[in-house]
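Presented sequentially are two complexes of subunit A, the first with subunit B as partner and the second with subunit C.
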Partner chain A sequence: MNKHRASVLMRHEVGLHARPSVKLTKLAKAFQSKIDLGLSPDGPWVDAKSIVKVMATKAPKDSTIYFRAEGSDAKAALDALVMLVDGDFQDGP
Partner chain B sequence: MDRKMHRTACRIEGRSAAPGVALGPLLRLVSTTSQAPVSRSPAVERQAFEDALEASRLDLVALAGEMKDENAEAILSFQIALLEDENLAAPAFALIADGETADRAWVAAIDPEIATYDGSQDHYFHARASDLRDLRDRVLRRLAGEVDQSLPAGVIVAADDMPPSLFLATDWRDGGLVLRRGSPSSHVAILARSRGVPMIVGADVTEIESGADAVLDADAGALVVNPGAELRVEYTRRHAEQLEARRAASSYSGPTQTASGERVKVMINVTGLAELRDIDPSSVDGIGLMRTEFLFHGRERLPTEDEQYQIYRQMAEWACGKPVTIRTLDAGGDKPIAGLTQTGELNPFLGVRGVRLSLRRLEVFRVQLRALARAATVGNLKVMIPMVTVPEELVHCRALLQEAVDELRASGREAALPALGMMVEVPAAALTIEDFDADFFSIGSNDLIQYVAAASRDEPQLADLARPSRAVFNLIGHVVEHADRSGREASLCGDLAGDPEQAAALLDQGLRTFSVAAGALAPVRAAIARYSGKGA
Partner chain C sequence: MSENVGIVIVSHSADVARGTALMVEQMVGSEVPLGWCGGNPDGGLGTNVEAIMAAIDRAWSEKGVAILVDLGGAETNSEMAIEMLPDSRRSRVVVCNAPVVEGAVMAATEAASGAPLEAVRRTAEELTPA
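The block that comes next holds the complex of A and B.
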């Protein structure tokens, strides 16, 4: 089974708001794996590819974002997502 | 050229809705969807919904491409991402499958999302509610067949009907409008009169093709397609005369008096700042009616407190101390606003419109009242409540207005309590006018007439009933008499005031304040100046 988990501290000043959520869901959609996002290691989990669900978490600044992914590119997906959040949602290269 | 001259002229009869003459090529607008709320199968509703979602998405992608501003672009990207997320529309598709109409299903799906943002303590998330509302309204407009488009200038537009937002977005210089539906008292007709756009209604436009030459004689209520050379010459001359007459009418010769020397106030009805550009405030007695619903039309989102404040403030500044009467949002009836007015009402004219809607959408109403209370510090601003039926509605509005003033002052903002008056357009209010705690009264004759006669102003067959009758004049007399006795002002701001042939009958009822479209100023003043007393 290709299951992976990761977590990252989000420092973005206004939390997981519209622009970060747009970037995060766009990036998640680039992968085939099923990817979930939560605000605690035990969930509840939401689909990280759905902006409606991601925004609904209303994650504030300094919350830890947890990811779990399942699929062929799960590892790569989580690496990319963690890098995005850790890099404060700056545009990647 | 030769080919056109050999075509036979074809005359299409209609009814005059706004006077004037126009010459130019025809442009036939074909509405994309049926306007009638016919019941459609779930499959058809589903397809309409999918089309509206996709069209809205493409609108947003196009808009995002035009944006230079990073913040605006971010909001649009957010909205696009929302539309691309199946989770948003999924509940709507489920409702449609169960037989709900697409527009209701969409509102039912997105409103709970909006509510979660509205309820957020975090002001950033709270503010996203407006992005969702904007998105909701965009899709609703698409479902209603409205298109973000503007029409070329200098053409005669022929269509079944036209939303006010499209009318307002169009440059009508030298153009004209021919509609199959609507009536001389519809709101597009009111706009056409105030902007001097020749317009007829009730014309059979089905055979009209774009590109043909035509003359529109909105005085006679007819359109002539492929006019002969003689007609063209005649109408070119009349068109020139019309321009000349307009220039002459804008010259002003002092305050209006009757022949017997009695002073009569003549104010203007406006829909926005643009109309005030060409009017010298010293030539009128103020603004008797500012229709704020046009601020809410054709927009991406509801106007904010600041946007409204800026407009009201500029009007008050323009007026240089003269009264500026601003009517709070009169949506509903024939003035739907996507996402705000109720959809699917069986009889919208007897439904949730005017103050009835404002008191049910307090979050929208409060924003307007705050903007008005702020602008009231600048000039002689008066607030007028539409569609008041019972005294309690006005009491409620007064309390809300006071609250707005108190809140603004508590937060260190400047605010003033403006005079609060009411439109008198519901017969129940006119009959019991002495029960209402209003600082002033303004009679809305268009609605009053249709409610008194129980005859729709949009039904051409009932045009004879939907006219000012003795019953209407009795009510007007009753209201004016009460206002005089109690030392308050009564004015009349409906189309009746702008009809020079009715001026004497209104003066007979004691009316001494008229509020008319700018285009009607000169003829109404002339009619008042001829008046030499009751029965004379």
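The block that comes next holds the complex of A and C.
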């Protein structure tokens, strides 16, 4: 079983609002693995591929975002998601 | 031809429809085919079947089209527009029961991943309080 976890501090000025949520969800959807997102290491967890649920977390600036992923590309997915949040949701290449 | 479900925005106001389309383009990107219409030919408020059909045509995708509407006539005229589509397209166009601006962004985010029409509609409708 290919399970991974990661966490990252979100410094984005407005937190996990509309635009960052859309970017995060779109990126998560690019991977096959099941990916969850939470605001504490113990959850509660929401599906990182669900735009409605991600936006509903309303995570504020300076939250730590926790990810857990399970699947063949779990590691790559978490690396990419952490990079997105750590890079302040800048547009990738 | 796009591999993603298309999104159509129908508002009584051309400004609302255009503004919503701009939000979708800027927040989600250009990989989702978009059509929008709103207002009557005199510049007032309104919706009409022909303009909706043209918007469906602009947003057309083989995977289908999800329509977001604002109030009353926007919905009934959209349903009428769907009925007037050719048989081959009619079954691949749905009206979402969701708020127009938020629903359009949510639906487009789902569509951008290549999701099927039913998933796009479900995501938009997830917003609507039970």
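Assorted remarks:
Just so we're on the same page, the second predicted complex is superposed on the first by the 93 of 93 C-alpha atoms of A that agree within 3 Å, B and C clash if a C-alpha of one lies under 4 Å from a C-alpha of the other, contacts with A are read in each partner's own complex, and residues count from 1 in each chain.
One rule holds for everything that comes next: a contact is a pair of C-beta atoms (placed from the backbone, for glycine too) under 8 Å apart; a residue touches a chain by one contact, two chains touch by 3 or more.
What you see is a predicted model, and the numbers here were worked out from it, not measured in a lab.
After superposition onto subunit A, the partners subunit B and subunit C occupy overlapping space and clash.
When both complexes are overlaid on chain A, the residue A:Leu9 reaches neither subunit B nor subunit C. Applying the stated contact rule after C-alpha superposition, one finds that A:Val52 touches each of subunit B and subunit C.
Judged by the touch definition given at the top, the superposed model places A:Thr25 against both subunit B and subunit C. Contact with neither subunit B nor subunit C is seen for A:Met83 once the two complexes are overlaid on the shared chain. Residue by residue along subunit A, subunit B and subunit C are tallied for touches, and B comes out ahead. When the two complexes are superposed on chain A, the residues of subunit A that touch both subunit B and subunit C are 18-19, 22, 25-26, 50-52. Those residues of subunit A whose C-beta lies close enough to touch subunit C in the complex are 18-19, 22, 25-26, 29-30, 49-52. The touching residues of subunit A, counted against subunit B in their complex, run 14-15, 17-19, 21-22, 25-26, 47, 50-53, 55-56, 58, 60. Contact residues on subunit C toward subunit A in their complex (touch as defined above): 27-29, 105-106, 109-110, 112-113, 123, 126-127.
By the touch rule above, subunit B contacts subunit A in their complex via residues 74-75, 77-78, 81-82, 84-88, 113, 116, 120, 122, 124-125, 128, 131.
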